[in-house]
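Across the two complexes that follow, chain A remains constant while its partner is chain B and subsequently chain C.
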Partner chain A sequence: MANIRLEKIKPLVALGVFLVAWWVVPTTVKSFLRVNFSEFQAPAWVATSYLDDLEGFWARRSHSKVELIEAGREVARAKSLYQFNAQRKETLENEIQRLEAILNLPSRREFRYEVARVVRRDLNAWWQQIIIRKGKDYDIPEGAAVVFSGGVVGRVVEVNAFTSRVELVTSPNFRMAANFEGDERPVVYQGVVQGGLGAPIGSVRDAPQDVVASTQFPLKLVSTRLGGTFPPGLMIGRVSWLEPGSTGIFQAGQVELDTSLLGLREVAVLIPLYPIDFDSHAP
Partner chain B sequence: MSGYDVHRGENPRILFFFWIVMGASLTLVLGLGWRQLVAYQKYEEIEKRQTERRVLKPGPRGDIYDRKGNLLVGNRPHYSAVVYLDDLRREFRTEYSQIIRAERERLNQIYELTPEDEREDSQLRPNYNDLQWRARQNVIQRYVDQINLVTGRDDTLSTRKIIRHFNEQLLLPLPLVEDLSADEYARLIEQVPVQSPIKVHTDTARYYPYGVAAAHTLGYVQNVNPDPDEIPDDGIKTFTFKTKLGKTGLERSFDTLLSGQTGTEIWRVDPLGFQDTLLEIETPKQGEDLIASIDIDLQLAAETALGDRTGAAVALDIHSGEVLAIASHPSYDLNDLSPFIPRATFDEINERGAWLNRTLQLSYPPGSTFKLLTAIAGMRHGTITPELEHDCQGVYRVGNRIFRCNARYGHGVVNVAASIESSCNVYFYAEGLRMGIDVISDEAKRFGLDQKTGIEVPFETSRLVVPSKAWKREQIGAGWVPGDTANTAIGQGFLLVTPLQMATVMASIARGETRTQPTLRALTNEESSRIDHGGEPIGLTPQQHAAMWEGMERVVGQDGTGRLVQIDGLRIGGKTGTADFRAHGKNVNLAWFVGFAPVDNPQIAVAVMVEGTSASERYHGGSTAGPVAKDIFLEFIQQYPERAGFAAAE
Partner chain C sequence: MLLDPRAILMFGANVLLLYLTLLVNSALTNWSIYLLLMGPMLVFPALYLRHQSYFICTLLTGLWVDAAFPVPYGLFTIGFLFAGAFVFQMRIRFRAEHNYHPIMLAHGLNFFCVVLLTLTMGFSYISSPGFWVQVFVTSLASHLALVLVAPWFFNFERMLFELCRLDTEPEDFPML
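Right, the complex of A and B next:
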């Protein structure tokens, strides 16, 4: 009888022993185990992503020559457009440098771009993260800004040997300084708990009272240079309404984010070329 | 049947205890019922007092606009990095146990090193209270250092401040770093993790887009603890954020209007007093806005024209009495006083004498500008007629004293208009003595020079002197002599008025009445049409009126003392004045100009006073104060061309 009872509580005892053991393990050991667990998982994720690429490659191999020729033309057209835009950008950059020199303005913060493939998405109501296929091997730093063609993607929160974890702009743990396009005053953007369906959203607060947003004329929320992480002017989302916040003078509202954020395949990590100089007003 | 049941029926001793127990139980049940069903409200209140805390958050103040809707005083974000001490409790405990261990080791070492015969057990006992505060300070300072790292600052937080916060404001956030710039705020938002106990708190501070413009009139606010009478007296412990109270200027006079509505949060707290659950919230609301009568363009023109000089300039709407511009120099930038006044700033402003509002807080002799009132008094008294002439030889003898005119060799034969134009002292010495001090004094009082104007800003001086025989006897203890009358007739001697008063006198004369009630509140058309300044018609005949007007217009004419004020196309009437005054411990000049325009349809009255700052400076009304008034008139034409008689700009 007693043996049967002991048999029943054995799993609970084992669990208890494990929990007590985990509790007494020093924090450094726990941290070491956690990091190694990520590193242990990373090759599997990376391999899966390469397999996906291979699958895509073979899928494309099955296209007819006519389709490939048409796609080639499309690419050529896109390429010429991008070449034109690149030239225009270079001209504008030179012009900006010339004007900055005339006005004696401090130069803007410069970044190196590192394009990385998304290998995994970890999306739920409480946190929203992606894993990208570049890490310490490409000198990705923690805290670096991550962007895509539609604007801000998020910030690197963990860097492993070959992968990095990115906190998405939709995540409640993501917060950044922003401003409304054409208005220099800083406001706060923060991700929120996402609903199951529908477009991703975020929240904005500390918006001055004189800012008016409506569904007819939504305001563009863009990144500001003031925070030091993101270059200025990157699109975050659109704000269709603002209402008085709890302070009685600032407004708060909802930000509609780009729907393609949750299905990204490639992103760019912005790596600062030099650290922030706090004595300078232009990070 | 149990053994007890057997005994119950048989043993009287057990029966006795049975009834005692029954009685006690019944008492308990009844007591419980009483407390739960009848007296529950009392216990609810006690429970509330023990477990609930109220946090009062003052609402932002209303804005102040000028008459054209330009923002004069607003609210700007005031960012600070704060922590709620509740979030740090675990860290406090960890730090405390580490500190205790280290301290015990240290004391043990000391104990071991002490000779055995000198050892005491008390040596091994740490000062737990001190260590607890040290632990808290260490934890908090670590967060301050984290902020310093992000912002590049070098702030520290004193133990005294921490102790005070613990004891008095436990439920409120502890400010770690205050008045963060927009850059610092943005960096903290971005670089401090969301989960960190550091929160970026956004409050409001007063913001003055025009800096020094009308600084004395707009006033500033001070952060104070709220009035205890405003805290609900229901026994719930209340924590209050500091509220802003108007200390001077319009901020003080219209404090009730501008003050925001306080918001309330009711928190349930744990046994240690830290916040647990938010039970109620009522959002604070912004106060009402105030539309001031000031026109910021005219104000800036007055401020710019005064420049670095010490003095005051006032411009009034002649009909409504609305103050269009009111400048006092030296001044200060109101933004330097927000969100608080640093000691160094206070001392620096104090040293420059800039706290004083020279438009209404200091009184000065009006000099020759007062001759307008002497002339009116004489005309009404019948001693001065438009035709009456005097031959000015440059000096006038009163008893044994020689009184001089401003023209060394005299003005020759002058009538009242010419004497106003040339500011002839001799004419007014003679006429002043003829009509006597009582007439002059009565006339000055009729124009309200012995009373405060009652404008809506505080601290208007009461040191206003319109001398009379009785006044001199009472104040100085001496008899009135003819020389006193001569001096008073030309605006010298004991006379003391403010620049604001002289502006009201000018507006009243221009309107043909004796009083003008100045106001800093923009009036609606309806209010303007119903306004009663409280005076009476001046009472001049058309001939007398014409002579006065001719004299005032000639002042700003080709040969007048105020010729520098001339503006093509605008008919200006006015009077210059130069007076001797004792200020800064020495005798200095005062330069005055009072005037109005246009003469044929008076709209704006201006009074300018410039104070000499050293005995070597020779200031004159026409050349020193006149150009300041001219700039104000020019801006008036620019802003209100139709009222100035010019065609409106296309």
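Right, the complex of A and C next:
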């Protein structure tokens, strides 16, 4: 009889002992466990991503020669346009450097672009993140900016051996300094909880009173060099309306983000060439 | 034996279910649909195994799931053990050899996981209607998916037992 009773409370006793043990175990042990379990899972995701690439390769192999020749022509056209743009960019860069030298302006942050495939997208009510196929093996730093052809994607929040976790611009935990295109005054962009229906959105606050936005003439919200993570001028989203914020001094509004953010396949991580040393650069 | 070999198979099946779920979720992002299918992972270990094997299997599953998501480490480990202990205590009342009771349990446990996540990760957004809309859509989609996934998953686990020539009966028979 006593044995049966003991058998009945065994799960509760074990749970109690485990809870006490979990509370006592140092954080380093838990971090060690987390890292190891994450690293165990990573190869499966990396392999899936490579299989996806292989599938794409075989899908392209099935195209006819005529289609491939046509695609090659289009690529050649795009290449010549980009070559022309690259020359123009170089000329403008030189001009900017000359003017900066004349005006004695402080140097700008330079970035290296590391293009990475997205291996997993995880967008839900509780978190908004993607996993990319590059990590410590490509010197991806924590906190690095992540961008795509449509603008800002988010920020690297965790780096593993072969993968990195990126918190998306839609996440409520994501916040960055921004400004409206053509207006240097800084505003604050922050992600919001996504309703799940319709396009992704964010919020902007601390906008000056004289800024006017409308659905006919939406304002472009772009990144600023304040904060140091993002280069200036990268598209964040469009603002169609602004209303007085909670303080009454500034305005706040909703930011319409690019719908491509929901189906990202490839992104670029911006790695600072000269990382800021907060200890030595602090005033 | 320290560990029932079925516990290893169940853990492997749980890992596979999580991987497949995340793969589907990754493909469904354009439709803003997310599936949370964790209920089935807890059912068979609690119904089929002796306490020691159940505990190890559920603990490893919890640690694995915790590492896959950006949640406070230990959330699912403790949550799974808590829910598992509840089911384990009452397992004599359930018939594990048919799918009806396991499916019902899987739905209940899955709902527990949704509530656990909402309380832990979404506490600061509870005043946002958008958050509740998305939680509702996620719960609805997950439970609809479970109608198909849970029987498949339980049959798959039973098939693994047969393939590996292991005992296909639970440790405790139900009270008739």
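Going forward, the second predicted complex is superposed on the first by the 255 of 283 C-alpha atoms of A that agree within 3 Å, B and C clash if a C-alpha of one lies under 4 Å from a C-alpha of the other, contacts with A are read in each partner's own complex, and residues count from 1 in each chain.
Just so it is clear, a residue touches a chain if its C-beta (ideal position, glycine included) is under 8 Å from a C-beta of that chain, and two chains touch if they have at least 3 such contacts.
It should be emphasised that the depicted structure is a prediction, and the values quoted were computed from it without experimental measurement.
With the two structures aligned on chain A, chain B fits next to chain C without clashing. After overlaying the two complexes on the shared chain, residue contacts for A:Lys136 are found with neither chain B nor chain C. Seen from the CA centre of chain A, the centres of chain B and chain C span an angle of about 120°, rounded to a multiple of 10.
Partner contacting the larger number of chain A residues, of chain B and chain C: C. When the two complexes are overlaid on their common chain A, residue A:Pro172 makes contact with chain B and with chain C alike. In the superposed model, A:Gly228 makes contact with chain B only, not with chain C. When the two complexes are overlaid on their common chain A, residue A:Ala44 makes contact with chain C while staying clear of chain B.
Of the two partner chains placed by the overlay, only chain C lies in contact with A:Gln194; chain B stays clear of it.
Using the contact criterion defined above for the overlaid structures, shared-chain residue A:Pro186 touches chain B, although it does not reach chain C. Of the two partner chains placed around the shared chain by superposition, chain C is the only one that A:Trp126 touches, whereas chain B remains out of contact. Fitting both structures onto chain A leaves chain B and chain C with a minimum C-alpha separation of 10 Å. Overlap of the chain B and chain C interfaces on chain A: residues 172. On chain B, the positions that touch chain A within their shared complex are 57, 59-60, 75, 77, 151-152, 182-183, 185-187, 189-191, 193-195, 200, 202-204, 260, 263, 281, 283-286.
For chain C in complex with chain A, the residues that touch the partner chain are 19, 22-23, 25-26, 29-30, 32, 34, 36, 51, 55, 59, 63-64, 66-71, 73-74, 77-78, 81-82, 84-85, 88-89, 117-118, 121-122, 124-125, 128-131, 133-135, 137-138. Looking at the complex, you find that chain A touches chain B at residues 143, 172-177, 185-186, 188, 190, 206, 208, 224, 226-230, 244, 246-250, 276, 278-279, 281, 283.
Listed in rising order, the residues of chain A touching chain C in the complex are 8, 10-12, 14-15, 18-19, 22, 30-31, 33-34, 37-38, 40-41, 44, 48, 120-127, 129, 157-158, 165, 172, 192-197, 262-263.
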